[in-house]
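Scroll down for the structure; my scribbles are underneath it.
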Amino acid sequence: MSERKDGPSRRKVLKGAAAGLVTAGVAPTILTSSAFGQEYRNKPMGDTVTLGFNVPQTGSYADEGADELRAFQLAVEHLNGEGDGGMLNTMQPKSLGGNGVLGKKVAYVTGDTQTKSDAARASAKRMIEKDGALMISGGSSSGVAVAVQGLCQEMGTIFMAGLTHSNDTTGKDKRRYGFRHFFNAYMSGAALGPVLGQEYGTDRRAYHLTADYTWGWTQEESMRNATEALGWQTAETVKTPVGAGDFSQYITPVLNSGADVLILNHYGRDMVNSLTQAIQFGLRDKQVNGKDFQIVVPLFSRLMAQGAGENIKGILGSANWNWSLQDAGSQAFVKSFGAKYGFPPSMAAHTCYVQTLLYADACERAGTFYPPEVIKALEGWDFDGMGNGPTHYRAADHQCFKDVLVVRGNENPTSQFDLLNVVQQTPRAQVEYDPAIFGGDLGPYEVS
Amino acid sequence: MDAIFLQFLNGLDKGGAYALIALGLTLVFGTLGVVNFAHGALFMLGAFCAVTVRKILTLEMIATDPEKVTAWGTPLEIRTPYVEAWFGDFGSFMVDYSVPFSILLAIPVMLVIGIVMERGLIKHFYRRPHAEQILVTFGLAIVLQEIIKHYFGANPIPQPMPSVVGGAADIGAAMGMDPNVIVYPWWRLIYFAFSVVVIGAVFAFLQFTTFGMVVRAGMADRETVGLIGIDIDKRFTAMFGLAAVVAGMAGVMYTPLLPPDYHLGMDFLVLSFVVVVVGGMGSLPGAVAAGFLLGILQSLASMTEIKAIIPGIDQIIIYLVAVIILLVRPRGLLGRRGVMES
Amino acid sequence: MTTEKDNIVLHVADVHKTFGGLHALSDIDLQIEEGKTHAIIGPNGAGKSTLLNVVVGRLAPTRGAVVFDGQVLTGKQPHEINQVGVARVFQTPEIFPDLTVIQNVMAPAFARRDGSFTLNFFKSIDDETEIREEAEHMLEDVGMTASKDMLAGSLSRGDKRRMELAMCLIQHPRLLLLDEPTAGMSRHDTNTTIDLLKKIKERGMTKVIIEHDMHVVFSLADKISVLAGGRIIAEGTPEEVRNNPKVQEAYLGGAH
Amino acid sequence: MNALFSMSRKDVITFVLFAAVVLLMPIWLQPFGAAYPDLMQKFAIFGILAIGFNVLFGLTGYLSFGHAAFLGVGSYTAVWTFKLFSMNPIPALILAVVISGIFALAIGFVSLRRSGIYFSILTLAFAQMSYNLAYSVLTPITNGETGLQLTLDDPRIVDSAFGGVNDGSLPVSNLFGLVDMSGISGFYFCAVFLIIGFFITQRIFASPFGMMLRAIKSNQTRMNYTGFNTRPYTLTAFVISGMFAGLAGGLMAVTDPLAGAERMQWTASGEIVLMTILGGVGTLIGPVVGAWLIKYFENIFSSFNESVLHNLFSFLPDNVESFVVSVTSMFVGEGWHLTLGLIFVLVVTFLPGGMMEGFRRIGSLFNRDGGDKAKPDEPAPAPAPAE
């Protein structure tokens, strides 16, 4: 396959020249031809290809970021043929040979997103402009994912999103250069809904506490749609400030609202705090309308479950992946991760690992690192053996479709990592939707 | 009505926390004239005293089960806490009560931290501009929290309260109303009572001991007190230690409500400054009054009925109140003239 | 008491000032004649500084008004009062410690020339040669040329006072209020200051001076008002006051 | 301070040197690994922010703890200008400066009624209210957490009137279709503004107006009794520094068309304060140096991971290497905050007056004739104000 679809545009050349000026630092470089040799940004010239891993290293999600970084390192090892190969052994179909990507050794650079859009973009730009990163991956919040994805579209660099759960990432704000393996709020609702119906009945009144920003709203909307479809009523939806810390003033009104389910559309520290505090208010010991009061946390992660401690027990929620899954891919990944680090990977680590492998595989299949070709190789790709069963990367919105886990806080954990029980692996067909419902526009393959 | 009453309870409980945190800050400012941006970090260190105690109490004996293996191929570990193995029921009692126990550790530890901080760093900044005090204490706060992050990670670490007080108290029923209408978590009531006791103790200490009298005189006029031959510096060091202890105890007791992480202090920093300034820089009663006022207003502003009238009011209420109070009362509720206006 | 005369530049009309229940000033009626040096003396706590504070707008009188050259000053901001031509030397020098001596003296000259606010941030201060020269002359007058580039904060107390005086004089105020201008000065400095103030007198500037040092008062004042317990108990030429038995009883008797 | 009087030549030299240092960044930053467009753009932009802040804080002593609000307002304005009118940065910057100036006028008018920490808290309160509202209820205007971005269906009425083609990709900010505002040209664009901003500040510092601001910091009471109305002076300084912040915010949007609410958070305001104090309050160049230092740490120190360190220390014997790496890794990568904190503590403890004080000391080491206080050529570090 040709590496060049069309000749370099004038702007591209100018940019290349400018980049050359920067890299070499001195004016005469402008006259040398090497500056004109790049048909696309950061085309790997030597025998390595550089990937950029952009994760939160400071701030509340630093532990999640650290876990993502471990997964990235593991993925790089496996791609370069070191270690036990992990999911390379289970991935179906597979073009990777454990000898790097397209014969080039995989190297990586890292950066700190600080879970802030500006810092994340600055860090991504550094990896692209200075370190020559060909692909950016990672992240632990939707705001950051959308911001970095937008940047990557402008820069013509592929972005393989890490943990981002908002519908917007592959909906309103979807981009041609952005891909998401993680599930989203809509899928959480679609998977949780039926289970909630089975467990708690169809005659319920739900009270929503929602983090007051875009992810919270999409989560609330998806949960409302899913529960109201069951026949539940929505008693009240209340927005809470992000990082409120103490949620007591939002929890007390729940007590006498006549609601019998509390849905916490919170993530991270907000979730840990609001869940801990809601349970202290005795909500779970309450009887309302003749039924046991229930709390639901639509998005769970094991790391955050650790923060909530005992309080997580028996609480229903959804997850992208959990290390207790028994399929061959998951087991292979858990095995090599656990052997290297001594504990099992989080779902953030899983999605980052898979994303890296998928990108590498797509390059191998496209036969080039040229982003538009790699994008085409990823779009509409079907694969299996990487956890969650057969998976489809939908071309229309770059969202992966796979089984979604409904999980429950483990009542009797056998270890400090055994916090979530998989209640149900909701089949992919049940969580699929029409990409048109969230709008958005992917944009072009070719960027200047 | 019930809703308002409950929000009022919330306000008291929040206000107690705010007042407790602001108290130490204003104490340090009033006595030493130092703007201490590391005060939030002291609160956080207190919280991590509780984490440490619990960590020690739950240190586990690790035996491996040769029969079973983990998903990643290592033998399954069987973990038993030492204290339970050694002390049986008393051991689990200690684990259960780890948070109150932690206060015993927090008092000496925070005292030492406070004194070391003051003697080692802060005392060199008494005569320096406030801007430099801000930079040095902010830097110190970052260093302290990064050290905590290095050892404890960034994730919040849950600290359960003793199981006896784990649930909620039915205050309504106790007051002869319908049961299950006004219920409030025991621990929050305890926290409120605790804050009242600590605030009372600090006031009594300053009011009725010679030490306190000298310090109060020093707050009013440092030079004169120095002139009459009292070594005020030593007492001020002790005051810094006291402020650290108060912040630390507030941190310990707060852990069951808010699983602590290394960043906890920064979240409270801005808030505690707002409380102190609204109360009036250097005024202890002002800080307490402002703490309760802001706590109660914040709780009431979060009611759905009020948010329906003014959307987003709960997001800004604290700052809005601060602006209004400072415009109406130039030096906060109970501030003195000439403090921090240079 | 006295009737309005043509050459009255400052009229403190029936001023009362109470702090809580305390009468700091009662029934003060004071007329200052143009070009004269008017001393206000009295024991500590007599209300002298309070009176000056009322004149310059730092304190609002409880009753009464201050009229300067036909304009009511009461209710005006301090800077407005300065702009109509009233300058003040404080009991503890109020200067700009972080600026150099020459800058300290230039600043008031700008206020005189440009009013209370001008936005002239594109012109270099170096190009303000007129004001700079004027300030240098002023410093020469007070004998501080040598220290003109020192930071004002590092001056001795006496030098600070002299500089503050220069800061006021450069504005050519119609009325200069001096609150104990020689307090804390050595005898030599005091004499220099007296000479300086006499020199200004020749230029015809009206002055109100509060002073403890009778030597200063009697060598400068044209007229003296004696304040005790917030009231004017005597008024007249230095001779008259010196011989007034009430004054001797209330003040001079105690002081000497 | 006699710099003011012997000025012209000295200021011209300072200016030329400063301009040269800024324009030659792509070369001299090379060995520091910082010569890539984004970081250099940030250096220029945060330099503008810091010198503007210094006009307020350095000269008048009023410590605003809410300056990031103006940065945010500038960014939002610029992005909205892009969305509604044109991708040309000039109108976007003009509007950003004007709107943030108006915003500063309103906030300053209220906040300057108080001084000292009461002023700081008022500005903090206004900025936090802006941030909290922008993050949540004002999402229709600010796009909340995600941040305001360009979209394909933006009207861009001026551009489309001039026949801008929609090729399906998002437009890039450009100067009349000639020069893109991303990459190295974006840096030079920002650098020009930094140099202009520096020039303006230099003028302010050397002007009677600048002297009045210093006088206000020195003794506000004396200012009043000297016939100055200090409020318009402080308000002007506040608005000027707000406009600088707005310009910086606008430039951030020009080089990278995204405006997020967190740009207005108190931590961002605190960062501006730290930059200024770290570099040297009230000095011309100090705040810029402080800004560069903090941004350098944020972007470069955070990028060192263990594999980079292993490469760096690979010349050492294995066990020594792994020890050195494990110690160093505490201070870089995810530990970069620790280094920053330590630098704050060390600089302010040993160099009261910030980095500029350090440079002065180094300078006086070489000037053997220079007695300690013989010639304070930069404004000396302000002595502790009387409380």
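Some notes on this structure:
Lettered A, B, C and D in written order, each chain numbered from 1.
Here is the rule we use: contacts are C-beta pairs under 8 Å (C-beta built on N, C-alpha and C of every residue); 3 or more make two chains touch, one makes a residue touch a chain.
The shown structure was predicted, so the numbers you read here are calculated from the model rather than taken from an experiment.
Separation of chain B from chain C in touch steps, taking the shortest path, is 2. As a whole-number value, the distance joining the C-alpha centres of chain A and chain C reads 74 Å. Distance between chain C and chain D, defined via averaged C-alpha coordinates, is recorded as 45 Å.
Look at where the CA atoms of chain A average out and do the same for chain B: the two points lie 35 Å apart. Measuring from the averaged C-alpha position of chain B to that of chain D gives a distance of 33 Å. Residue positions of chain B touching 2 or more other chains, listed in rising order: 315. Residues of chain C in contact with two or more other chains: none. The set of chain A residues that touch two or more partner chains comprises 62, 66, 212, 239, 241. Pairwise chain contacts present here: A-B, A-D, B-D, C-D [touch as defined]. Considering their complex, residues 2-3, 6-7, 9-11, 13-14, 17, 70-74, 76-77, 79, 149, 153-158, 160-161, 166-168, 180-181, 183-185, 187-188, 256-259, 261, 263, 267-268, 298-299, 302-304, 307, 314-315 of chain B touch chain A.
Residue ranges of chain B in contact with chain D, taken from their complex: 33, 35, 121, 124, 127-132, 134-136, 138-143, 145-147, 150, 266, 270, 273-274, 277-278, 281, 311-312, 315-316, 319-320, 322-323, 326-327, 330-332, 338-342.
Taken together, the chain D residues at the contact with chain C in this complex read 1-2, 4-5, 7-8, 203-204, 206-212, 214-215, 217-219, 221-230, 232-233, 236, 380, 382-383. Residues of chain D touching chain B in their complex: 57, 61, 63, 110, 113-118, 121-122, 124-126, 128-129, 132-133, 135-138, 266-267, 270, 273-274, 277-278, 281, 330, 335, 337-338, 340-345, 347-349, 352, 382, 384-387. Within the complex formed with chain D, the chain C residues making contact are 56, 77-80, 82-83, 87-88, 90, 94-100, 103, 106-108, 110-112, 114-126, 128, 149, 151, 153, 167, 171.
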